[in-house]
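Chain IDs A, B, C and D follow the sequence of writing; residue 1 opens each chain.
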């Protein structure tokens, strides 16, 4: 993916979430605003047959993975036109056919599942990898340790990506996790690991590509920590604990303007081209909203379908 | 202050008051949980405790439910009293080993040398949060020898039961319901403890007994209102404590009405209702019985599917009519 | 080979045969567990599989029950079929999150996109191993929508139910009992599948129905022998599968005898018996019922205390006499 | 403890287990034969007010901690004269008053419990520490990760000792654990860690003392890995998987003869003194067996006592 495509993907996510926030019927949401570069950089190195699993903060990864915005919007609004027929919804987005094995709202709950998906890939689809995106909060959970150990022993094609936004709800990472750097956790298991600036989409892409290729070619699991910033509060239902001043400083680090400004400065993106890009995205999102609005809600009888 | 003076408190305020009083009274009590310190808890049910008691006693933990409970168990076994909060009951599954395999058995297996005065506080029930944040597994815990389980339905009970739980010699699981946090109720100004194992009759009636607990008590109350208009008189027994279970009150009521409906939000299979009805029938011959609970499916965050899955006034009133028709 | 030819096999041999046949038939099946490879499993119930299928398909794991189940779930969800063995059911508690919060809900929450053909094989029951190696938590699992649970009492059922479990589209928990491994029984030489959800009548009788499963089926049989000498005729229904539960067979039998005793080794509270009896009474008016299970306490490795805690022939025969006396 | 006392403690354990094995009424047992030096070296640095928690392989630690051999024998034979009145038995030995908070037969199950005991010690008995002894098998469990992280964050006075005998039942450590050295697992958390020869009781004692003192004086948790050998099969109910030749080589590393021979060579222990030591121990064990045999079994009614 070139940087214009990366920019477009990030703009799409930002606009999608903004449109979602303008609605009153989304219940509550965990937004990716500020963390678009991590999802987009990661997904830019995944192939069609690779699979991605994520935490509950899954709007950016779902869109970055190429899911139809309309389908994602429908799922989040509880419509049957969503890939999960509106049954999974927030925190459980999934579209396996698109290489998005899905989100799981249990913190660290997708780590060992992803290792299992990677085991199936190793035995059935050599050359493919499985990526698992999780937050810094998940690094305090034993599931990470058990997964790192087994993945290392079995050389599973697993790309573990920690989207470290520095907080678990209100708890700063420093209060919840002893390691200096979260990528240090991979060390004892002999797992290649790197930490990069998660606000720099190109840096994320390049590091992810390097590690993904190593995993694809038999190196076993790899670990990438991306240092990011959460622009919104933990969820739209949770109060913000950071000061306005803090938030202002944080928002200055926007990964989208950073890339766009760089491109413009380098002459890689004219003001008009940028306008056009934003216009395209605006139209795509408007269409997605129309699609979701037009879609039906499930019949109550679906409450008991697809159980056993 | 007159001894029957009362004050309207929200659930979270009742919980905070119980904790503040007990922590003032006993400095061995510590609170462990995610976002419990400055943040004051997901439901602001710990607000002010950190400021009052400091970081040594009100501790933020990582997202590590197993170790959170294990630490609470070990600390309690060694002379402190720990309250560990697990935001959602679904995640209690991550900590069942220290709770069930250690805490519930410590006193027995050490021949009485070690006791574990631990309270695990959590929330059950559906409120739009989806398949992994809505479960009710109280019935699992009821069946564990060595564990006690309380499930308040009013702020006064939350206050009184939490205080009692914090004076127990063994482990207690205290279960709030997400839909109860926005509700308020009268709480006595005077310090009041509610003993574990005593049900409460919420409404007197003569035709049918509805045995329920936690948020479902409110569904029972609304159902009773509607049925009253039809001339059907419901008595509502709020179990309040599932272990120990107050069968005397349940049987007293069911003996008078001759009909017993159990109402729970969780799964029916091997549920609270099955247990209550079995035990009621041991002492009451030809009692008419029925049970209501969730449909046998996960609970979606989808409003339509969630509403379809869990019991509501329609299902309760229909069940009562059916039960009385079987007369 | 004549179609009704049979061969005496021990439990472990029946399990090995089922796995060998299914793994021959479907190369997507893998086995994950502690000491399952060269060692062949704690009960030698995997012996020979490693030699036949190799390390890619028969894998030793670390002691990490949560990840063991998580890996099996993920592998199954992604196109393999995994059998994960958890040596003792007590340690299933460490892996309930991937099993209950993910596997049991995956098909539902993805609107049918993802299915999890996983078998978790474990052992329940007391055999001198103490408080953390003796528990029976089948009732917890029965109540989880999306899970199936099978509990064989004979080598033929172990063979037939395990084969069926390995062809299910969703997750199944297969539960052996430690005391059954030393036992042997006839198994058909011809490949035979036993469908999940069909109980078996082990002994015909006219006075009382004893509904039980797993090792307790043998206690029921010994009790029936003793009671026969007193002229009491017991019918024994071996449930074989707890989810789905074959109430038709239970009710057919209890309808004939008019009396139903449930017998389980686990805790009574919210147990299998409470569920079976509730459902039997829904379709059978004035049925006499009683239930037997463990005393409400942990199970010690102390032979005297273990024996005192779990049901035996004395308790069963006394209960039957009491039930019939209530006639 | 001087080396003669260390030798005596190890001889006592060896003789105790031999006496237990001569009986037919012990059910089955997890023996410490070969691993005596780890338990003895560790316990030699614990103070009266410290607490020790262990895995199910707990005979050596219980005796090394100073529990009465008679009481331990009674507990293992299910007699009420045991500290747990015969209710805990194998895998669950405990005598809190003796600083032995106890064994727990769930692998890794005692780690977070021990951290909790250490938290109580930190708040109520500054200067005391809590030791937790666990096997290499426990290092694959997430409980270790969660415990290391919180213990490091909260600087808990916790001495974690991994008795690495190279096997989890039949599974060699190399097949179950990816790290080169198990003490590496402490690294990411900034926890001081060492690996020593677990067959050299003096080496265990010295390393344990150094780490224990650091923890006692506020350094927080510390981690000691002891490389040991299991002389018997996993348990008396489990078949041995190692070859006779392997076992012969392993038994040559006996920590008891090693210390005794060194002492004799250095002239620190005369042949007659060694004989006398062995004789003392023999008498102590004989008395322990008599004590246990004389003690009563619990009444069946105890099956439901001390539950709630």
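The rule is simple: a residue touches a chain if its C-beta (ideal position, glycine included) is under 8 Å from a C-beta of that chain, and two chains touch if they have at least 3 such contacts.
As the structure is a prediction and not an experimental result, all values here were calculated from the model.
A.B. asks: By that same contact rule, can you tell me which chains touch subunit B and subunit C alike?
C.D. replies: Touching subunit B and subunit C alike, sorted by label: A, D.
A.B. asks: If I rank C-D and B-D by number of C-beta contact pairs, which comes first?
C.D. replies: Pair with the higher count of C-beta contacts: B-D.
A.B. asks: Any idea how many Å lie between the Cα centroids of subunit C and subunit D?
C.D. replies: Those two chain centres are 36 Å apart.
A.B. asks: Return the distance between the CA-based centres of subunit A and subunit D, expressed in whole Å.
C.D. replies: 46
A.B. asks: Can you give the whole-Å distance between the Cα centres of subunit A and subunit C?
C.D. replies: Once rounded, the distance between the two centres reads 41 Å.
A.B. asks: Hey, what residues on subunit C touch two or more of the other chains?
C.D. replies: Residue numbers touching two or more other chains: 61-62, 64, 66-67, 90-91, 97, 101, 108-109, 130-132, 145-146, 296-298, 300.
A.B. asks: Hey, what residues on subunit A touch two or more of the other chains?
C.D. replies: Answer for subunit A, listing residues that touch two or more other chains: 86-88, 92, 104, 106, 109, 140-143, 146, 149-150, 153, 175-177, 307.
A.B. asks: Linking chains that touch, what shape results: line, ring, star, complete or other?
C.D. replies: complete
A.B. asks: In the complex formed with subunit B, which residues of subunit D make contact?
C.D. replies: Against subunit B, the touching part of subunit D is residues 51, 82-88, 92, 94-97, 101-102, 104, 106, 109, 111-121, 123-124, 142-143, 146-147, 149-150, 153-154, 305-308.
A.B. asks: With touch defined as at the start, can you tell me which subunit C residues reach subunit A in the complex?
C.D. replies: Subunit C residues touching subunit A: 28, 30, 56, 59, 61-62, 64, 66-67, 69-80, 82, 97-98, 101-102, 107-114, 145-146, 148, 170.
A.B. asks: Under the touch definition given earlier, write down the residues of subunit D that touch subunit C in their complex.
C.D. replies: Against subunit C, subunit D makes touches at 27-28, 78, 86-92, 104-109, 137-138, 140-142, 168-171, 175-177, 238, 241, 297-298, 300-304, 307.
A.B. asks: Show me the residue ranges of subunit D that touch subunit A in the complex, using the header's touch definition.
C.D. replies: Against subunit A, the touching part of subunit D is residues 140-146, 148-150, 152-153, 175-180, 184-185, 187-190.
A.B. asks: Which of the residues in subunit C end up touching subunit D in this complex?
C.D. replies: Subunit C residues touching subunit D: 34-35, 38-39, 42, 60-64, 66-67, 90-91, 128, 130-133, 295-298, 300-309.
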